[in-house]
């Protein structure tokens, strides 16, 4: 029996519900899921600026999760915002939905493509993929005309748009697995999978399954170097965030 | 409730038992594990030659697993021998222990090192890492003077040798996670983890946890291109292996 | 005649003064320099956690700089914290000291090394170098036992320590240019240069010179895709940071 | 005077004859060529599964070649199946037609393209090119609708199809040399070369010329590490393949 | 007050004038610019053969510049011909216009494209970008039907052609900054910038600004290894070029 | 029966003789070898400056070779100086000894090391390897204290020094093949090979064998793009080098 805290970094309640549903649908019966969102910040995250401003509120949730002694934390936005800082401050293992889904995709096929929202997010995805070292495994990033908040306006149009881009990725780019590049795409995975004939991955589910596996194997994330806890030092302000002696 | 068939590609019963124990220790209560080994071939695999000769017997087990309708297959040798061919011929998802543990390691730390047997296996590990695209995530491959069959002769010497190399990898190479590079190292993971203070991954467990997650999410591996089933054609001999109309 | 706002992301007044002195020493006579620091946050930045928490206060300064219509903004910390978000929200070109010094180093020599503080910062530097695409130009990252705040305790020990690591980088790693990896190293550049016989770059000066060149050539940074201004949308809280219609 | 054993890994006699003709056309007068095929296995190789099953029969031929003391062995299939295992078990130097033609192509032009059969083989070619380290030299892999066995059905259609793809590779991808990606394309090289105005390489010929050069220079392949002979150990079954004391 | 010698490696007076005008338009008031061209050689440089033959005359100018004790030298051709040899023989820092503009472009945007002349120059640009290590930052090289000498025949056609290719690079390739790939494109930068809405860089200006910054910071290029002065030895002929005791 | 012109780019007659001997020792009986050197230039080439100044004299020899209708040209210096320009101007295929030996080394072993002269040449070798795309195949570049002209002063010391570095490359760097990085090392290959137990490659022999193979297969180098003949244009001076209508 484990408990996973899922943090939606934006402030959209609708997306928070979608995330929660995805997680609960595929979590094991004995996994308890709690999904929360940032207390402040934009309704959706599409820029580094928005990610960073949401960061304080994500880290606040991470600290709360550690206090409540949850067993794992999932950051549920495909930019994996504040993932590295969260891994530093958290004793509890933290999972990003992008990193979880891309690594799982590598196990399920020769190459994957990410189907995502507006073209604006492409540079940041490219940099994430470079950081993960998966350039040679990513067939393409396929943007659409839909912003994050557009995704839920007309679900059937959304599904049609995503499916078309995914089909092009399989046909033209050599993709064998599709990663859905936004939590606003929750619920489209299995329908698309059926239409396309290739695995379609929702990052939230991937992260939950990784978290369960890591829990079962009694692992935590490494705390020796990159993700060691910040050393206490003098801080000006910033209240509970400050790491002091 | 799922069933996983684990195939030890070599013919060592001792290693088969070690693999089985590792898998059962960390599998979920409702996961059924069956571990088998190759019917013919060398006692241990340390060369591509040995891997390829064992290949027929691994593929035989893969075909049997498909006939018995298991839910997942794990190939339990750190060279991931016959992994790509198995993914082609199998409808059931197939997991390699090297690919599973390296991808999981990437989620748990900035960089991982592989602690392995004799230097002889290094070139093949290098090529595997290149195929996986994880060059930038691998801090080092640390060989030891121990052959595969040496590993079980003196377990305390084995653990000492592995721990020393792992410690050097953490201290000198920047490793934050250690992957055990041979199934003959079964049982040393948690002791080493305690001594080293970093996650130590046994590939068999990693593959089992990946298999369970993929099963829960109702996924299979992609069958559209790289791993599509071989088309029927004319074969000379090779009995049940032949894919004919 | 141009005006450059330099933002020290930490809250150390001593480091702010050091940055200001470096900038004014090498700025052109008709360049006006104003150096400010974050209003809140840690005294020094050595982790992603600290960088992100400082981020709000850096972005606050970036927004002020735009309001005051400065001609260029320099973010003066070798992690280039909030650089990409600043480039998004700012109409005024923004320069990171790490990116400026590494690109300049590539022009001055075949390979450069970064001499930096404690080993803890290495993974983040590695990722920055990957993002910049300069892996093949970086000979090494040389850490020292000194934390950021140690740097100013005993300047002669600091210089000795930095010079020794730099000398090893030139002798053993093939470095032909040295980049000083922290603003706390201000003032050691020319002394080290004389001792070592290779160019030693202070990132603040590099960024100021880049800013002046870009100003003269009547350039701004690109605003078409990665660094386009965030689109207005609904925000919860976050006051002046919110980008709304 | 030297003797080269050429092994066609599939069981097609027609392709074996084509290979033999190509080799004899361009071999030096004092080079003796013997071309054999696998005793069992599929008529053509298009998957890793087929490659691996053919592997036993290729290795059987390699062992025979060593017993007969030939001077060089060529494995004549563009997947270079069992090449690494053959190099391990063989004292006689072994040449793959893909590796020989790609390296030669790099000497003859800035970039090469491979014109090959059905799209199915692309992932394996991509991995081979990554293993060889030649990603930056390969302009493209151009698949066609033709399976291996289709190639000989209508030679003039085959030539037309290959020439069209090759022309597109030169015009659109920057290819300056064309590698024919299947031994079933034997005999089309010079006709295509004349039509296209760029070198067109048949891998069998390339491997034969490499073998002759290596023989003249009194070289063998390296046997120190990757290709050292497998150490004797206990084997179960596998008859003459077993390496035992 | 500094003096920059700009060397046009070809023998076109028209291009020399264009380079001189660009440099003087954006140089600081107290920077003295002198622009010269090669005494012999082709009217334009489009091949490595032409670059190398021009090399003697470029190096002659570099030696003269050192004798005249200029403060910086710029080699003004987008192939950066003789740049590395010039850095070796020169005590005065030498700047290439390609390397200067590509590094500056990396600071101004996520990715840059080079708009250049005939397709013939593409392979050499590719190799230069590989040498600089900027493969991941270059969105594309966009060739045009125009040779170097065509560029000045019909300036409005030239501008139209360049603008169209640049627009395609921004729209289709993800370019956020445009580098003009030939000094024959002098004068089109700001017009194109206005039409395209992205920074457009003339390499000559970029090199001049780099040179000014390096001068202000009292830097020289590194002379320790790659660019150390050639050691005296015995030469046959070659007059003043010979480096002898 | 073919004729190969070998060009020693430096002006050392002793090295020219060494090259000639190596070539004739391993050339086929019906291959005619003529070895010439540059008419002017330094006695040895260790810098880009020296390479470029030698370039005119190399190209002069290349043009003569074309006039005399030789069948192949070899440029015999391990920096492959003027190789790309020679390929442009020559109709006859041109071979570099570095590119020939490195590609052959890739066929003979998993990784190769280059044992070379003074450390000064390392950066240029690194760039050559990057241009060839063989970074992943090169285990190391091992410099020695010997300059090119030192090599022939005390042959037994030379052999001892080279052998020691080569042994370290095999033992510590994973080298399986050794490339001799200077034509001044002529004659040491087979002695070293015997001592080391790995293939040791003299680049001149490798290039001659490549040339013979290419001749037999009736190939020429590609002339379509990178190495197309320079188009006629207006030249100032440079006599016979000028390519004019």
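Chains: A, B, C, D, E and F, in written order; residue numbering restarts at 1 for each.
By definition in this document, contacts are C-beta pairs under 8 Å (C-beta built on N, C-alpha and C of every residue); 3 or more make two chains touch, one makes a residue touch a chain.
It should be emphasised that the depicted structure is a prediction, and the values quoted were computed from it without experimental measurement.
The minimal number of chain-to-chain contact steps leading from chain C to chain D is 2. Shared contact partners of chain B and chain C comprise A, F.
Hopping across touching chains, the smallest step count from chain D to chain E is 1.
Residue contact pairs shared with A-B exceed half only for one pair among B-C, D-E or C-E, and that pair is C-E. Chain A maps onto chain E through a rotation of 120°, based on Cα atoms and reported in steps of 5.
As a whole-number value, the distance joining the C-alpha centres of chain B and chain D reads 29 Å. Here the CA centre of chain B is 52 Å from the CA centre of chain E. Inter-chain spacing, taken between the CA centroids of chain C and chain F, is 44 Å.
Among the residues of chain F, those in touch with two or more other chains are 110, 122-123, 130, 136, 174, 225-226.
The touch graph of the protein chains shown belongs to none of the named shapes.
Contact residues of chain D toward chain E in the complex are 110-111, 136, 174. Those residues of chain B that touch chain D in the shared complex are 11, 38-44, 46-53, 55-56, 59, 82, 84-85, 88-89, 119-120, 122-124, 127, 130-131, 147, 149, 225-226, 228, 230-231, 233-238, 241-243.
Residue ranges on chain C touching chain E, taken from their complex, read 26, 28, 93, 95, 99-100, 103-104, 106-110, 132-137, 170, 174, 176-177, 190, 197-199, 201, 205-206, 209-210, 212-214, 216-227.
Considering their complex, residues 122-123, 126, 130 of chain C touch chain B.
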